[in-house]
Amino acid sequence: MLSYIVRRLVYMIPTLFVISIVAFFVVQLAPGDFLTKYKLNERISQETLQNIAKHLGLEKPCEPLEWQWSGCAERYWRWLRGILFSSESTDPATGQQWQVWSINTQFPFVHWNPDFGFSFETNQPVSTLFWERLPLTLLVTIPTFLFAWLISLPLGIYAATRQYSLGDTVFTILGFAGLSIPNFFLALVLMYWLVVSLTPTLCGWGWQFFCPGNPGASVGGLFVQEHMGGSPWPWDWSLRKWLDYLWHLWPAVLVIGGSSIAGLMRIMRGQMLDILGSQYIMTARAKGLSERVVIYKHALRNALNVMISIFGQSLPGLIGGALITAIVLNFPTVERLFYDALRAYDDYLVQTLLMFFAILLLLGNLLADILLAWVDPRIRYD
Amino acid sequence: MQDTMLLSVKDLHTHFELRRGAFGRAGFVRAVDGVSFELRHGEAIAVVGESGCGKSTLARTILGLYRPTKGRVLFEGRPLDGDLRWYRAQIGYVQQDPYGALPPFMDVHRILTEPLVINNFRGNREQRIREVLEEVKLTPVEDFLHKFPHQLSGGQQQRLVIARAMILKPKFIVADEPVSMLDASVRVEILELLRGLQRSHDLTVIYITHDLSTVRYFAERIFVMYAGKLIEKAPVSELLKNPLHPYTQALLAAIPDPDPANAQTFKRVPPGEPPSLVNPPSGCRFHPRCPAFMAGLCDKEIPPEFEPSTGHFVECWLYR
Amino acid sequence: MTERPVSQGQLIWRRFRRHKLGTLGGIVIVLLTMLTLFAHFISPYDYATQHRRFAFAPPTKIHFFDKDGRLSWPFVYGLSRERDPRGRWIYRENTDQVYHIKFFVKGDPYRLFWLIPTDIHLFGTGERDPNSPGQIFLFGTDDVGRDLFSRTLIGGWVSLSIGPLALAISLTLAIFFGGISGYFGGGWDNLIQRMIEVLNSFPGLPLLLALAAILPPGLPPAISFLLIIMILSILGWGGTARALRGLFLVLREQEFALAAKAMGASNARIIFKHLLPNTLSYIIVSATLGIPGLILAEASLSFLGFGIRDPMTSWGQLLNQFTDSTITNLTYHPWLMIPGFFIIIAVLAFNFMGDALRDATDPFSVQGR
Amino acid sequence: MREKTDVQNRIATGQGRASPLLRVEELKLYFRTTQGVVQAVDSISFVLESNQALAILGESGCGKTSLARAILRLLPRNVHTYSGRVEIDGVNVMPWSEERFRKEVRWTKISMVAQAAMNSLNPVLKVGDQIAEPLIIHKNMDKKSAWARAREAAQLVGVPVDFLQRYAFELSGGMRQRAVIAMALVTNPDLIILDEPTSALDVLTQANIMNVLKNIKKDLQKSYILITHDIATSSELADHVAIMYAGQFVEWGRAEDFYPNPLHPYSQKLMASVPRLREDRPLDFIAGRPPSLINPPTGCRFAARCPSKFSQCEQEPPMIAVQGGRLVKCWLYR
């Protein structure tokens, strides 16, 4: 088992390499870049511009759309070198060295703090921005993930064991609706309801938390103004900040999770139906096992194996959903950072986050494979 | 002498690579591992063996569907290599699962037209299709021409497969378990049809089966296959009367005829299971299960082919 | 023996028609397609016409009873506006001005089916002046006073066509690469598989956004439309190719493929005449189920401002207004959400139809065996 | 295998029993399909005494597997009609609730080795757990003693004990088959339904399994219902033979009477189509195909294919008793 994990991790290295190249070139393909913007800014001197160009290897052109490649490898190498070996980030404009704000300020035992480049829009190292956003991202993603899986699996089992019943039909139609409503639109509808109907009503009932000026009345964002600063790590929060967080979390969980639920539920239902029709389930029934044992011991174990292998595939949906929701609901997550970076042509930020998403997927798939190898005896790795 | 032989197979080996994951190679499946024999014009032979002994691979190698790893197949003295188009028109292939063997989205007419088109049949195609349908007794022809395979019964499907194999008037037919997927009452019908065609057209037929009891109704000679090798070859009546290889003996003993006395008797069957073709046993491949096992010989040396009586060949050290 | 020969296509069609929701989905798709094909004719205004005096006008009420409660030919009241204390425009019906709804009225000129020049619209008040109070805005107007109903119909053209177009490209890629990969195997297979893996290791939406961000802002609408189709199809072919590869791997080992090979059929003939027809049901189903995803992807892209851009429009692009001043728009101009319901209906219809098709083709597919 | 085992010692079945082990009367099982109602099992009646084996022979699609399921009440969702009497030891179990039937019949009275037994084992559970499971459910045993009994059962059918720690996919086809038979034996039921127990196996493995089944019958006094299309193999086990055609029994009799001399024209044709290894006799076949079970013909269902058809065959023949205790559903024997 251990050797399998190690082998898989080793296999990931070339994939990561290819991914970093793809991420780099996708960004390089984009026509505008920060330098264009700097050039238009009169306050930035010619000297600074030259500094930047020199520091980042911009002397030679890298314009893939115009088939000018000479500078690309150079720039790519500088970026890669920073990730692998550096722990300091340089502001190319001023030459100022920034200590990379990294995970080991929180976890001292981690000794790798890579430099992913510099964000020109915010004048900060990419790593700093990234690590700042990560805790809140996880605080949105993990509850969403749990919510989606904990709802969809039981629903799938329910629908499969009562195929064609009223409940099954209702869930099937709801599932289709979930698949068919765009995330952002669901978010909009939910916000509309919150703004126009729910919070005024709750305030009207005398619940101060929901009256104007209080956390409950604000819609969108993860916190009201007073809680926005401070530590991103939840163990530093006050109770009121926690309440604030929870109140703002649930629409996001509903929206991001909602779309996954529909898909997962249908897959789970299909799997359960397949398995319930199999010979060994008939044998289990013939053995006089109660329906409960047949379903939960014999059928579910097999269905879960398939669900585990799907685990990795459900991540892109989660990331996509989180991206859109972060924009509509104005959440300070990594996905929102990505969106803002894209709009500002903030190259290093975009390519780093693109790579981060890919790594997340790879790790998700790896985790799914390991889990599967662990629970399914048919898949043996040695 | 060579030239009068329709088919000669010399030291044929067909191995498949076993892959593990994207890169590693786990070994070879030795599906056919040193097979030699010769067939005369108009002869029907049967290859008998248990599932997984490599008999289907043998059939497909002879048909030119797999490239042999080693050894040669000669058809009328001409080797099978390079472009096989000359060979395709002279052979017919009848498969085990008639439903699977017929493309589900083509009707009977289309299915029978395919070989004619592919091999540039000169002559009246429609007439040939009618002839062959009548030969396999799918009559009246009009009722069948525009049916799809799923609308035919198992027996009719197999007739269609035979018709397709016969349509180019081949010299040689390979029938791979042609009746094992059919019901008992239909099997005989198909076997008789095949036998009738074989006799009337002077066809050479290789009949591959796991069911020894049907062989006597069909073939003149039997080849017994075990773990990639032909361990015994003999005329049918000779083999049934006087099986030499211990495996053949066990096989014959294991096959029941419908007889109420069977219920009272126990069979003497060698224990164990057929060996893996990836790591076959050393020496004689049957030695771990053999009641006549001779230590130091059977597990060390691969037995060559002996001919204890004329026309009866056996690969067993008992007959050295 | 008396049964008439039925091809599998006919059987699938029969089974499909038994599926009520699927049939409903099919009907809705046909209706929506008609609606968008005749969009210029059905919509009372050109989608770009700006009614400067009627920015953010709510949906116009159509009246069937006059002031005295008598049944009347449908009409609208004239629209007048005033500012509320916060300075927002508020629209009121002026019950003194009555504009009857007329059919086949002359209005903004357009080309029917992008070919025939005409200016006849299905209905309207007949007022040619964009600032006349007699306007009919079925879905209200946007920030510059464009009629949302007209824009929704026109936008449907992009939303509905982008799916099939992108799908056609990605299916061609998928059949080509999946076919090669599955039928021939070996080195090409390995290479194609690695390619798909890298493609699949990026989550769809972020990569889509990053690719869409490559498009320079000033492109002509038609070009950027085509490029967005290209981007969507490049991202979409991997999964289908992989599934087709699996199908071809199974199919090439099927007895009937071996039979064709034994007959001497060439590889091309085996692939195109014997194997591909067997994947047809899978391809049709995956196409129908793939379209909703593409519609949603386009909608998300345009919603975020990276897809279809003004002056062109699509249902997703129409909702783009919400990315800024979300709360204000939601609170005061909720009708701007209407195009979203069209997305839902279209996607739902495709999903129902795809699901029904999948059920109908199920026993005929190769995977089942 | 010969020595008396613990399982064996616990047998006290059959002897001195007043009513037969199993009596089935007018059992019907119809399914609803989109084409119409399939009369898969149509008024089947028979009696099975203890320590007897009944072979039910029929071609594919004649309803023999549905009959097995009807006896164990393993019904699919689309059941249209399920009626008749199923008496076990003289007690009609048809009115029993699902729960009572589950607890008191399944695997306590009747167990089953299903068709394609290779697929009867759950891929993610250990073989031993699956063999022991019925004991834990029905006999309230703890896991340890259940495993001990599972080991005995495994030895009885020739499964090496350490195989119980493995998963089904790690076993060969023959071993899986034996494991499934062990599973059917472990709770010591009186009757085991064998649905094509060897059809997917090699000749030698098949013969080995048949030896095991014979041993069990002889030593443990079990009864079998053997469902198969393989006439030659059926003779290895059968005490009685029933021939099934288009959802009905057309002949029933003792094995020693039936094999040499089948009575029904269908049975005769069927017997004549069996190739023999030791006997050179011409083979015969039955032209045409069995009728559809949706709207089967009125009258004798075999009439359309029958060489001795005559006018009376328009009406459905009853089961006619022929001397020697044989039953045949054919007007020729009136």
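Letters are used for the chains, namely A, B, C and D, taken in the order the chains are written, and counting of residues starts over at 1 for each.
Here is the rule we use: a contact is a pair of C-beta atoms (placed from the backbone, for glycine too) under 8 Å apart; a residue touches a chain by one contact, two chains touch by 3 or more.
Just so it is clear, the structure is predicted and the values come from calculations on it, not from any experiment.
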{"item": "Contact-richer chain pair [B-D vs B-C]", "value": "B-D"}
{"item": "Rounded Å distance between subunit A and subunit B, as computed from the means of their C-alpha atoms", "value": "58"}
{"item": "Approximate Å spacing (C-alpha centroids) for the pair subunit B, subunit D", "value": "33"}
{"item": "Chain contact graph, described as a line, ring, star, complete graph or other shape", "value": "ring"}
{"item": "Each pair of chains that touches, named by its two labels", "value": "A-C, A-D, B-C, B-D"}
{"item": "Residue numbers on subunit C that touch subunit B, as the complex places them", "value": "1, 3, 5-8, 190, 254-256, 258-266, 269, 273-274, 277-278, 280, 364, 369"}
{"item": "Interface residues, subunit C side, partner subunit A - complex", "value": "197-198, 200-207, 209-211, 213-214, 216, 292, 296, 299-300, 303-306, 316, 319, 322-323, 326-327, 330-331, 334, 337, 340, 343-344, 347-348, 351-352, 355"}
{"item": "Interfacial residue positions of subunit D with respect to subunit B in the complex", "value": "53, 59-60, 172, 174-175, 202-208, 210-211, 214-215, 229-239, 255-256, 258-260, 269-271, 273-280, 283-287, 289"}
{"item": "Subunit C contact footprint on subunit A (complex, rising order)", "value": "15, 18-19, 22-23, 26-27, 29-32, 65, 176-177, 179-185, 188-189, 191-192, 195-196, 219-220, 315-316, 319-320, 323-324, 327-328, 330, 335, 338-339, 342-343, 345, 350, 353-354, 357-358, 360-362"}
{"item": "Footprint of subunit D on subunit A - complex, ascending", "value": "163, 278-280, 282-290, 293, 297-298, 301-302, 305, 375-378"}
